[in-house]
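Several structures are given next for inspection.
Both of the next two complexes hold chain A, though its partner changes from chain B to chain C.
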Partner chain A sequence: MRDYSMDLAKVAAAIVVDVMGSDLTATTHYSSDGNNIIMEFNGYPLYGQRQKGKVFVQFPRSTFYVRKGNVYFTPLQQSQCRYYQDQMGNQFVHPHIYNDGHPCWDGSSRERPTDFIANIIETLSLLNVTKDSVTVGLCASGIMGVKLEALENAQRQQKRVLESLKCKPIIKERRKLENYVSKRWCNKITILTQAA
Partner chain B sequence: MREVNPSSTMPAHVFMDKAVVQKINELIHRDPYKECGGFFIGNVSKDEVTGRYNVHIHDLYHEELSGTASSFEFSTDYTMNAVKYVKRNCKGYHIVGNIHSHAQFQAFFSGVDKEMMAQSRDNSFYMVVSPKHGTWVGIFKDIDFEFHECELKIAVKPNPNVLFNKTIKRVDKEVALNGKRCHSSSFRTSRFYSETQQREFDKRFLHSITELKGKKVLIVGAGTIGNLLAEYAMNSGISDLCIVDMDTYQYWNLPRSSMVGEDSLGKPKALELAKAVAEKSSFSIEVTGINADICDLGWGFLKQFDIVLSPVDSAAIRQYIDRGCRIYHIPHITCGTGIVDGDFTGNILAFPSDSPVDLEYVWGNGYREKLKERRSCSDIAEETQAQVMGFSSQIAGMTMDVALKYLLGKFKEKTVAMKYILNAVGNGIIRDKAALRPFKYGKLPVGTKSELFSMLDSDREIPSVTFDRRKPKHELWEMLNEMFQEQIPSYRLNLEWSLNIPVAYRSIGACAVLEVAVNSGVDPTLMDLPPRHIYLVEGEENDYLLEIIFTEET
Partner chain C sequence: MKVTIETVTGVTMNREIDTSESPMGIIRKFYEDDATAASQIFSNQRAIDQLMEGNMDEAKSAFELINVEGESIRANWREPLCNQPAIKEELSKIEAEGQIPTFVVSVSSIVAGY
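And then the complex of A and B:
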């Protein structure tokens, strides 16, 4: 009775750690009702705090699954996804994350597993906070301030995250990041399915 | 002077004849911009045991007199004329108070009113009405200048010949349905006729009543067509009717709701329509109104009915009902009206119990985008509103015609679904060469892939499990694993296939799939699902249809 959903979530979490730097550690588990998977990243430099702490990414269990030998990915909606920090229920500090933890996604694509993983990386590293995203769309939850204030605070936090975790430089360019993630995902999936 | 504030805890009962209400309206709306007044004529009595005052208002005396915009004076002449009127026309009655209007303000007792009340030592009922705001206040003053609140009741003169020939037994229930409170009212009307009357009745109606006995009919939607269908069902001799609607009657619904009256304003549609049917039916009938969203009741609720009629404003709900009916093999007729090219068109889609096609197929693909739209008779444009009732009654009449044919087994082609499109008669001939166009659906074309029929297997009955949703979800997984033997960590309940997306979206936050996993605990989202429903269960190898009955939470 192999649990492919969890295996695939672990693969995704491992790729996030690989890109973000090995100072970050990841564990994955199910929510108590079994409907969601929670990725728990430890060692993240939390905003406004000197020490490092935990960040949680929660998404539906059915995001990854295997049917009749094929791996399936279900693109998720923003209301199905949650980002928390410190403890479950605590909003992750990011201009695009609202107080119930759900992200307000930008125009980036979400169709492939690669997009899903790249979006987690960009959110944790705050690289998806841009001048446009905080002004044009007013896509700022207010937790880091609004408009340009949010951008300034986010950039400061972004610098701290990149430096303290020693993230891979490809993180800064979405196209390179996607290529890297895609290759890693395909390799690991092949290994996983061959092992099955 | 004493205050007008009620000082007695015992409110007075005021019984006003309905004719007096009409006279009050004549009086205050004659010139609503000026105050006016009239005298109440009736009797006052006091129950010596309880101390309660009873006021019966039998008539109103008023003349075509108007005051100013903010005052009205009951002159001596006016009072004397009222006395003469009582003496001549109302033997045994007296002047028991007065009424005046407030042209500009809400209804209340002003300083002048209080002074007027203090001038006479008698039992009197005083009333102020505001035609502008539609509000009123009334107070009773006894001979000791004690003021009593009033409970006003309107008395309607009955026809004694029909007073003692029926009983209506009403049972109200409030049940918890998926975490919400749901009200239902059941009425059992029994009609009694003398032997001679019964013989006359039997000559005309015995056949339909006998043939329809025991047939249960569900109407989902108590709007314009819902009212008409309920009326036609009641007068056709259907003896067991259920009406489901989640809304209340608003004042803009009332002109198009033929069965219910003004008393239904602001009250749940389903309960009010059920009550109206019970009161108006000439036959014995059992009618139940349920004030709930049909999606909360689940497909299992439909199982008990012999036919389901869905004159409902939402396309998604029609689709939901249709799929439930197809699975349980229940005839389903859905109907509605709309505007095309500035004039009325309507359709009736009739699916027999073993229909070879479903509503999704008849509507065509790519329709899902429009499913969430609600199309109601109240949305029809102003210039065509006048036709709503006339046209809706044609649609309702045809719907009931087909429904009765299904119920009486008279529909000749038993496995053919029908679509009737009816255009407003005047334009139909010019535009389409025919006002009525029927379409037949005998079978699903070869190669057409249907989400529903690819899963339905007529040889296999859909299995059923019963689960207490307060318990951890892994217990449900154990049941499913025993049933389907796939040995996988999670089976998935596909809410989207089950078309209870409205329920899922409202409560779960866009969660269209529920996991039933080996390691899962109590899942509160199960509480939002219907008590009895059929789900598509996705395993790793196969998909299965499964009926899940959630036991009632206490």
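And then the complex of A and C:
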């Protein structure tokens, strides 16, 4: 029987790569206990390091599923999601990621697969770090400094990520990014369910 | 022309294609050149066998060009790509953007395999 939860996670990971640039590669697998899915992105320019390395995004296996031919997405809470780098357990360096790897999300929409995928893209590209997010929303950890120092460091890293991976220009405009991700998601799941 | 062939689950393969060929011809050639890589776009062995004989479930299969906005343009499986105006026009736009065109491809057999 086809594992649709994994197939749909692979589709989501592929859309992240499509937007962020093909220098990034994705593999998707289950966690050792089988309860979570881990997207593993290789070729990411790690903060404070010259070389590129791995970034991991972990979320519950029940996030995507198919029932009676329809694709479903279960919105997840920030505590169910983890961002790591280098190896599992190492916090991803980002002002809005806590020390244990879970993100601190803003109040934007989380209901659709598009929201989830676009949020991964914005986190990996640090485009969700803004003056307001670090001064009003504050930093989840001081790994990049706090307030304006965090913003400055995040912007430097953002520039490096965008240039080194050759991300699609739409990445900088949330509305365009959502449109693009949504179209690609709908197209892929249509083909996937038609072929089933 | 250089293109990227992408499976539904996101495996990508770079190929050189001839736009005077139909999608069916392009995929058959792909399978003849590199059966291991090409196998990833087929739902099962039956789908491979059928395509090599010129058959497939066209309703369930897909050969779709992704444009710069992320929309997909479905290609006719049996018409040369250069004779399909919507595809031809979009290929020109993608090339003008300096990007490599991506086709999402999935091939299903007429009778489901098991």
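Just so we're on the same page, the second predicted complex is superposed on the first by the 194 of 196 C-alpha atoms of A that agree within 3 Å, B and C clash if a C-alpha of one lies under 4 Å from a C-alpha of the other, contacts with A are read in each partner's own complex, and residues count from 1 in each chain.
Going forward, a contact is a pair of C-beta atoms (placed from the backbone, for glycine too) under 8 Å apart; a residue touches a chain by one contact, two chains touch by 3 or more.
Bear in mind the structure is a predicted one, so any value in this text is a computation, not a measurement.
> If you stack the two complexes on chain A, which partner ends up touching A:Lys54: first (chain B), second (chain C), both, or neither?
A:Lys54 sits against neither chain B nor chain C.
> Looking at A:His94, would you say it contacts chain B, chain C, both, or neither? Reply first, second, both or neither.
neither
> Output check: A:Ser22 vs chain B and chain C. Expected answer is one of first, second, both, neither. What do you get?
In the superposed model, A:Ser22 contacts chain C only, not chain B.
> With both complexes overlaid on chain A, does A:Ser79 touch chain B (first), chain C (second), both or neither?
first
> Between chain B and chain C, whom does A:Ile191 touch in the aligned arrangement: first, second, both, or neither?
In the superposed model, A:Ile191 contacts chain C only, not chain B.
> For A:Ala14, select first, second, both or neither according to whether it touches chain B, chain C, the two together, or no partner.
In the superposition, A:Ala14 touches chain C alone.
> Looking at the overlay, does A:Tyr180 come into contact with chain B only (first), chain C only (second), both, or neither?
second
> Applying the document's contact rule, which stretches of chain A touch chain C when the two form their complex?
It comes out as residues 7, 10-11, 13-15, 17-18, 22, 26, 179-184, 187-188, 191-192, 194-195.
> Which residues of chain C touch chain A once you look at their complex with the stated criterion?
Chain C reaches chain A through residues 4, 6, 8-12, 43, 59-62, 64, 66, 69-72, 102, 104, 106, 108.
> With touch defined as at the start, can you tell me which chain A residues reach chain B in the complex?
Against chain B, the touching part of chain A is residues 1-3, 5-6, 30, 32-35, 60-62, 65-68, 74, 77, 79-80.
> Which residues of chain B touch chain A in the complex?
Checking each residue of chain B against chain A gives 473-474, 487-490, 492, 509-511, 513-525, 538, 540-541.
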